[in-house]
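Each structure below is given as structure tokens.
In the two assemblies presented below, chain A is common to both, partnered first by chain B and then by chain C.
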Partner chain A sequence: MTRSNIALLILIACVAALPLFGGAYALRLGTIACMYAVLALSWNVVGGFAGYPSFATAAFFGFGAYFAGVLMGKGWPLAAAVVAAAIAALIAATLLGAVLLRLRGHYFAIASLSLAEVLREVVNNATDLTGGGMGLNIPLASGSGVMAEATFYFYAMWGVMLLTAIMVIVVAQTKLGFALNCIRQNETASSMVGLNTTLAKSIGFGLSACFVAAAGGIYAAWVHYIDPSDVFDILYSVKPIVMALMGGLGSPLGVACGAFLYLGLEEVVWRNYIQIHTGVLGVLIVLLLLFLPHGLTSLRFDRLRRRAKHA
Partner chain B sequence: MPELLRLTGVSRRFSGLQALRDVNLSVAPGEVLGLIGPNGAGKTTLVNTICGVTPANSGTILFDGTDITRTKPYQAARRGLSRTFQIVQPFAEFSALDNVAAAALFSQPGESLKSAREAAREHLAFVGLDAQADQPAATLTLAMRKRLELAKALAMQPKLLFLDEVNAGLNSAEVERATELIHQLARSGITIVMIEHLMKVVLNVCTRIVVLHNGHPIADGAPREVISNPAVVEAYLGQQYAQRTARHG
Partner chain C sequence: MQAMQILINALVLGSLYACIAIGFSLVWGVLNVINLIHGSFIVLGAYLAFGLYQSLHLSPWYAIFVAAPLFFALGYVIQRLILNRVITAPVLVTLTLTFGLDLILNNAMIYFFTADYRKLTLSPPLGSVSIAGAVVPVDRLIATATALLLTGLLYLLLRRSRIGRAIVAVRLDRDAAVLMGVHVPSIYAVAFGLGAALAGCAGVLMALIFPISPLTSSAYLGKAFVVCVLGGLGSVSGALAGGLLLALVESVGSTYLGPSHATTLSFLLLIIFLILRPQGLVGRKGFE
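This part shows the complex of A and B:
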């Protein structure tokens, strides 16, 4: 295993200690941090490894939230509902990928963007099942107290993050990761050396969907109420891309750090500039990408230290 | 002798342009076939059509006894058809080694990353790139990238190898080196179809030549015979020149 992958696992292990130090607010932030990391790490499989600019994250997130939400409404336990949502997303995205991933570049981006819109409309109109625009209430689990519940959902989201990280690391080191890497660099040449590009891309797409759907399912249970405009929000598609770019495309450690950094910025800006927070956040992102185009991973701390010594 | 490749009535059209017109062609095992013709004659299209990149609109292609007319490029590659590109197509960020390893990995069933890298080292040594094994492909010179293409094609353990202008853009020393490699490959028993503009190389290496003109073969035979064929001279140099040489000998 490479050093940066070990560092990623250590980072995730450190995050697990959060409940020892923080209150309910810290746990809430921690849960969102884990969720963002799941989205960004998952996006990295399609966007970072295979180089396909996917805007489908919101679609998978909403799909998972509603799939698990509806099942929980029918009395399924949380774990079973989330696993079912993840498996359904894996299968659906793999099949969809076989169609969508025939498009390249901008065409693929637009097609993947429309996916969330289509699902949102489906959910809006399937009123009997999903409650439509009225949203969906998810039954409360046993009333075990605010802190216990916050801790539970934090660890649930943390667990999905750990699984996502392991998935990404495994993919990166196996034939599939190698294949996606080839596809990013030269898809024509990949198929000429005997690589079934459609299959590799579809599996990659499926894997990137399944943990996002799991995170969506946990999110639905955590907030107890979802509606289409919340879980199919286009920002769920855009944020992971920004996080990956901030952290460093393709590097799992960088992407996870990017997710945490993004959340930190978002929170700090929101607290201090409540009226202009989206504007300030936007400017910050532009500045970061301008001056650090290859993300956090391009920072070489040893080089900085050496420069400091010479100065 | 059984044929390795047989094309029967193969045609391919790009909207208004008839790129290939009723091509009949067969390649015997062990042959080194030169595919020549003026620019735009359809040589690369013919290779693309056989490899499944631009499937034929009509006609059939038999390879090693099976119909491959409708196979996808990756399936053709796994069957033992490999090719180099006229415009080199490396995986730019990968090292030379991983470029070749990719070819070994995806074309051979059951190959692991580790065994593919081992095989890749041998193929790099064969084309003389062992010193550059760990260098990113983007930093190699054109001549080296052409040899990298060759190593990739060889790593696929081809039965039939298409070489699409491996010598274009090389200086004469590099051409000589590449020609020597092709000789070696031919001696090792790989059947080769090469598209080539340098007649010196064609005459030196090929056992047979097919001339393509406007998407149709106009001559097929031993190298010396073919290049003195009036129809071929006409295709390359125009009708007037052909008539003049015919008169004055």
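This part shows the complex of A and C:
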């Protein structure tokens, strides 16, 4: 295991200690932080390792939220519903990936963007099952206290984050990660030397969808009410990309740090400039892409050192 | 009778869709950038028409002459100052950048104009006429004619003028165009400016027909996506063919399945086209 992957696991372990220190607000932030890390780490498998510009995160997040939400409405326990949503997303995304990932560049970006739109419209129109535009109420779990419930959802989301991180590390170290790397560098050449690129891409896409759907399911149970424009929000597709770009594409540690940093910035902006917070987010994205295109990990100290040597 | 009405509705809607998509398609084709601000440009154009009519009683057809140069300048500056810095970056970066710009513009519009729906109502209203047994409101008819006129103008510009030929040359082969002495950065800026100008004009036309709100920008953008993929990228005829096909599918779909399924249908069509015929109806293969 590389040093940065060990650092990632240590970081995640540190996050688990949060309930010892913070109150309800810290727990809420921590839960969102874990959720963002799940989205960003998952996106990294397709976007960072394989280099495909995927905007499908929102589609799988919403899929998981609704799949688990509907099952819970039918009386399933949380864990079973979330696992079922994750497995369904894994299968659906692997099959979809085999079709969609034949597209490259702009066409793939558009297709993955429209996936969320299609799902949103389907959910909007299937009023009998999902409640359509009225949204879906998810029954409260039990009569335990507010704090106990907050702690429970925090650890649920944290668990998904841990699983995602382990998945990413395992993928990076096995043949699959190697194959995805080859695809990023030169897909035609890697299929020429006998790599089954379709299979590798599809499995990568499926794995990246699976944990996002689980996070969506827990999110649905956590907030008790979901509606299509909330969980299929295109921002859920773009935020993981911004986080990954912040932290540095491809590196799991960088991506997780990017997610936490992004949440911090978002929270500060949201608290202070509620009316213009999306605009400020836009400015942040533009500045990041113009001036720091390789993320914060590209800010190395050796540059400072070199400058010092010149001086 | 009903078939005629569906056909005419599709024709009206289709030329408007073509007008929405044509600037988007130009930018995608020439600059190789998926321009997510396009939807907000359209809404901004609609607000411009609304504001001019409210304050100066300037009819929307004159508002086009105000909107075109203003939006051209806006697009030119945005491309020159911001987009040009990342123009060679992979699609992920350019797309996310235009998304960021869109967030800024859309938030500014919500802040200044609020998210309330507004409607430009002409007084006196223009009424409607019946053509071959189908009823068409006159304002829609005018918007359609103007949309077709704008499309034709762009076609002439690309075909006949020096700058138009240079834009087409850059689209076909950037490197060869450079060798022929075309200054690519300024062509990029002009193409982006034209895209913005067309979006602004389309917005003025939309103000005649649809309610105006910053929240509608993503719907326009979605239409532009679908039209571009259906018709094929970067050509005027492609946008026209895609717009008409989309409108036909939506009109028929909403008549027989109900309007709520029309959008689903159009996005399904998009995904089917992406998989089976990514070059679109009239596009050429290998022409990304």
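Heads up, the rule we're going with is that the second predicted complex is superposed on the first by the 299 of 311 C-alpha atoms of A that agree within 3 Å, B and C clash if a C-alpha of one lies under 4 Å from a C-alpha of the other, contacts with A are read in each partner's own complex, and residues count from 1 in each chain.
Note that a contact is a pair of C-beta atoms (placed from the backbone, for glycine too) under 8 Å apart; a residue touches a chain by one contact, two chains touch by 3 or more.
Everything quoted here is computed from the prediction, not taken from an experiment.
In the superposed pair of complexes, A:G282 makes contact with chain C only, with no contact to chain B. Once the two complexes are laid over each other on the shared chain, residue contacts for A:P228 go to neither chain B nor chain C. More residues of chain A are touched by C (comparison of chain B with chain C). Once the two complexes are laid over each other on the shared chain, residue contacts for A:N196 go to chain B alone; chain C is not touched. By the document's definition of touching, neither partner reaches A:G30: not chain B, not chain C. Of the two partner chains, chain C is the only one that A:V99 touches; chain B does not reach it.
Using the contact criterion defined above for the overlaid structures, shared-chain residue A:G64 touches neither chain B nor chain C, since it reaches no partner. Chain C meets chain A in the complex at residues 28, 32, 34, 82, 85-86, 89-93, 95-97, 99-108, 111, 218, 222, 225-226, 229, 260-261, 263-264, 267-268, 270-271, 274-275, 278, 288. Across the complex, chain A is touched by residues 51, 53, 72-74, 77-78, 82-83, 85, 89-94, 98, 102-103, 105-108, 112-113, 152, 156 of chain B.
Chain A contributes residues 47, 51, 53, 55, 99-100, 102-103, 105-107, 109-111, 113-115, 117-118, 121-122, 124-125, 234, 238, 241-242, 245, 275-279, 281-286, 289-290, 293 to its touches with chain C in the complex. Contact residues on chain A toward chain B in their complex (touch as defined above): 174-175, 178-179, 181-182, 185-186, 188-197.
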